[in-house]
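Here it is: the structure, laid out below.
We call the chains A, B and C, going by the order they appear; numbering starts again at 1 in every chain.
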Amino acid sequence: MTQFVRNAWYVAAWSTEIDEELRRFTLLNEHVVMFRKSDGSIAALEDRCPHRLLPLSKGKRIGDTVQCGYHGLTFDGTTGMCTRVPGQTNLPKSAYVLSYPIEERHGIVWIWMGDPDKADRTKVFDMPEFTAPGWKVHHGDALHLQSNYLNVAENLVDPAHISFVHPTTLGSSASENVPVHVQTEGEAIVAWRWIRDAEPVGFFKGFGGFTGNVDRWHYYYLYTPSTAVIDFGSAPVEMQIGEDERDRGVRIFALHFVTPVTKDYTIDRWMHIRNSALDDPTAEETMDRMFRIAFAEDKEILEAVQKEEERPAKRRPIRIAIDKGPLVYRKRINELLELERTEDLASHPSPAFVYHD
Amino acid sequence: MTQFVRNAWYVAAWSTEIDEELRRFTLLNEHVVMFRKSDGSIAALEDRCPHRLLPLSKGKRIGDTVQCGYHGLTFDGTTGMCTRVPGQTNLPKSAYVLSYPIEERHGIVWIWMGDPDKADRTKVFDMPEFTAPGWKVHHGDALHLQSNYLNVAENLVDPAHISFVHPTTLGSSASENVPVHVQTEGEAIVAWRWIRDAEPVGFFKGFGGFTGNVDRWHYYYLYTPSTAVIDFGSAPVEMQIGEDERDRGVRIFALHFVTPVTKDYTIDRWMHIRNSALDDPTAEETMDRMFRIAFAEDKEILEAVQKEEERPAKRRPIRIAIDKGPLVYRKRINELLELERTEDLASHPSPAFVYHD
Amino acid sequence: MTQFVRNAWYVAAWSTEIDEELRRFTLLNEHVVMFRKSDGSIAALEDRCPHRLLPLSKGKRIGDTVQCGYHGLTFDGTTGMCTRVPGQTNLPKSAYVLSYPIEERHGIVWIWMGDPDKADRTKVFDMPEFTAPGWKVHHGDALHLQSNYLNVAENLVDPAHISFVHPTTLGSSASENVPVHVQTEGEAIVAWRWIRDAEPVGFFKGFGGFTGNVDRWHYYYLYTPSTAVIDFGSAPVEMQIGEDERDRGVRIFALHFVTPVTKDYTIDRWMHIRNSALDDPTAEETMDRMFRIAFAEDKEILEAVQKEEERPAKRRPIRIAIDKGPLVYRKRINELLELERTEDLASHPSPAFVYHD
């Protein structure tokens, strides 16, 4: 069975997806009902009445509580505690639903599906370009993939695939054999490469309007469990841009918030931040169009890979040089899973751990 | 694996569903082929040739026998015994299909899926109002639900849900907190409540034409394994109707014949018997329309519950005061299942039970 | 789990199904990518990159090699060996895909899914009438069945079913009780019967133009694992045709190449060879039309049988006199499977077989 890292912030939705209605979301194979309370903050409750298991999202919102649609048990939108059981006056202690910590920032709704005591709001992903002058933030869309989230995230620390998967937009044959650098920077795994003095790829013909040869970079930052920032851009060769001077070129951050829905279904919410054509809405449309082409290509590959992974195999997949980023990523995820297992054991020790002196 | 009570009469069909053609029905996860024999009685055979397993319903009726559509083996519609094997003259003893006892009464076809020796026709559900003067019988329809039959039947001994599930037809908020009485009467579990001096619910605005406040009752009789009679009605407050005087009011029996098809698919054939507006066909239409609204609401709830029950759960559902009827019902079903297991052991003792003195 | 006989030639496709494009075929529950190389011969490779498992059929043909669509690993169309890994110069030994032996003959593409060293091309099915004068070969079509291949093949050594399944084309009630002869002839199991002096069946009213009574024969040759030749025909009674004089009558060979796709999905590619109406294209159309009627009838029966076989059963199917051909066939298949298991053990002995003296 697929396990998910639970003690982590995941993107549950764009802010625009949540309003006064009861809406069901599925994350980490669990159903969550979300709605905006009267103060505008977001309630996120386990979407299953503890009585006859009806999803609360099939019920009715009453003020900041949710009334189950079967027998009227009512739950507080903030704490999840039952506030009413029709036909009786006492409220059983076991009458509650889980309530999940939520953090809303920059139009993005983050949820914590693990131990609420560990939910540290300072750990929610952020970057200065969300609010800094000279940058334009644009929310994109949500890409739904029939694929395990690890495959989706791994693809976002893998610069090598773009020459083959995205030949008309993000890559070209000029980069096929350019080696990839990989290192870790704190919580991020970074994989990058520069392609110097080459024809601009399709994306930068459409956006940036480059005609002569350019220096082009791709930096993939992957934060566990599954947030990716792809820093890519181009600058005319004549500019002789240095590796740390990327702001001088046309620079784009493509952000991917990868949310595991079930073991074989993932949503990748994507957006971008750019330092050029700030007030040009057609530039945004051009970028979106090209991203959609590229992400549809990813989707086709990743869903085909998923299907093959579910089939019996007689031999282990081979690993090659360009796999370094993905391998470090998988190792980190496994360490986090192992850590959570160990912590669970420590907080709920089984009898085998109880010693009598 | 879901077990079904086998030694019981279940409704297989309305009489109108069965004619001279071979028709397949699925009950208790078994396929049965049914047709009317030349004398008008109903044949009900195991729908699987014992040779190459082709459903007999894919074959051909020849007089009161059924010929398999693959190699022509032919089976008697009454006994199920093989009467012909093309290409040979001897008939193997193992060449037979099961034949199920059938009882047809009041336009309803009952089938016995268990030990034929135990099929007692006097135990088929009946009630005097089917034929008594002053009552009008109306066959309704069949509601198909993607739900285990226990959830469907349990819902029919649960008066508490109607305030929340059927607010426009059978219930209203006036009854949300009115306690439910539960007792057993022989084979029936009875759950009931009276709501005195309240506005009529939608149903009795549409049927009965009540305008002032009424006394309203709901009696739910659930007979194992899965036949329910809901006795409900209203009378003007001024009538000061007594609990045993329900015939004085507008009284309706809603009958539900719940048939397990598979573990997660159930058919609820419903009909009603009334003591008012006997010769008014539009009254019948009005009632049917309101029942359809209510049963569609049940279907949505029960199918959502079914889906949740199939998901992994970390804690046991809680039980509350209004659950008494359903809990008694589940206990009875489990006792019947246990009884059948024990009888099976007694009639087919395993070697462990054979002693040599 | 269904096992398949691997050391055998199966029909993968008609020749017309394969061209320069990468096309995926599924056989014995494995995916194979096929295409015509520049010399016109056919490449057949395991359709799964050993790196990230993407099907090679999602990639790109480059000359006689296939480039994976994810990271560009490239494989030789003849040997399956990796010829390029972008981003590195060394080629790991484990970087290869399986390459399957192919034999193309009479417009039919045969594939060997087992041990390549055992692929003996002289064992590919052939018969002189493919090229002999006086015979006309006509490729038919491919019948897709949701059924295990053993049921499909067994149906092709079972003359008894045609009276019941194909009453308007290949059979009639005249033959219902005519016994079936069965014997083995080398690799073939032969089941046959003659129906003498009977009205012509639908097929021979439509093709052959018989009006009076005929002598009719059906010889079913089934070659393991799953190639069938049905030799059937008719001659006027007055001709007094002998059993070994079938060329004197209107004689047709219906060929069936049965390919297991998965355990419950099978393709039956069918064609026919005739000794009459050689230059009459409408005769061909008439035959095709009647075959399509008959094969649709088989499909309905075989798919219904498959569904029943997948259901739990309380007793073993019975066997009757006409089952002899199918029983011999199943026995042969089981012997072949057992032989392959034994050979696997011999060539890959487990540690338990290693003795130290």
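We take it that contacts are C-beta pairs under 8 Å (C-beta built on N, C-alpha and C of every residue); 3 or more make two chains touch, one makes a residue touch a chain.
The chain list, named the UniProt way, goes like this: A, B, C = (2Fe-2S)-binding protein.
Computed from a predicted structure; not experimentally measured.
> Are the chains arranged, by touching, as a line, ring, star, complete graph, or other?
Basically all the chains touch each other, so complete.
> Shared interface numbers for chain A ((2Fe-2S)-binding protein) and chain C ((2Fe-2S)-binding protein) above half of all numbers used, same, or below, different?
Both copies, chain A ((2Fe-2S)-binding protein) as well as chain C ((2Fe-2S)-binding protein), present different residues to each other, with under half of the numbers appearing on both sides.
> Can you give the whole-Å distance between the Cα centres of chain A ((2Fe-2S)-binding protein) and chain C ((2Fe-2S)-binding protein)?
It comes to 48 Å between the two C-alpha centres.
> If a residue has to touch 2 or more other chains to count, which residues of chain C ((2Fe-2S)-binding protein) qualify?
In chain C ((2Fe-2S)-binding protein), no residue touches two or more other chains.
> Within their complex, state which residues of chain C ((2Fe-2S)-binding protein) touch chain B ((2Fe-2S)-binding protein).
160-161, 163-165, 176-180, 300-301, 304-305, 308-309, 313, 315, 317-322
> Within the complex, which stretch of chain A ((2Fe-2S)-binding protein) touches chain B ((2Fe-2S)-binding protein)?
The contact residues of chain A ((2Fe-2S)-binding protein) facing chain B ((2Fe-2S)-binding protein) are 48, 50-55, 58, 67-73, 85-88, 92, 94-95.
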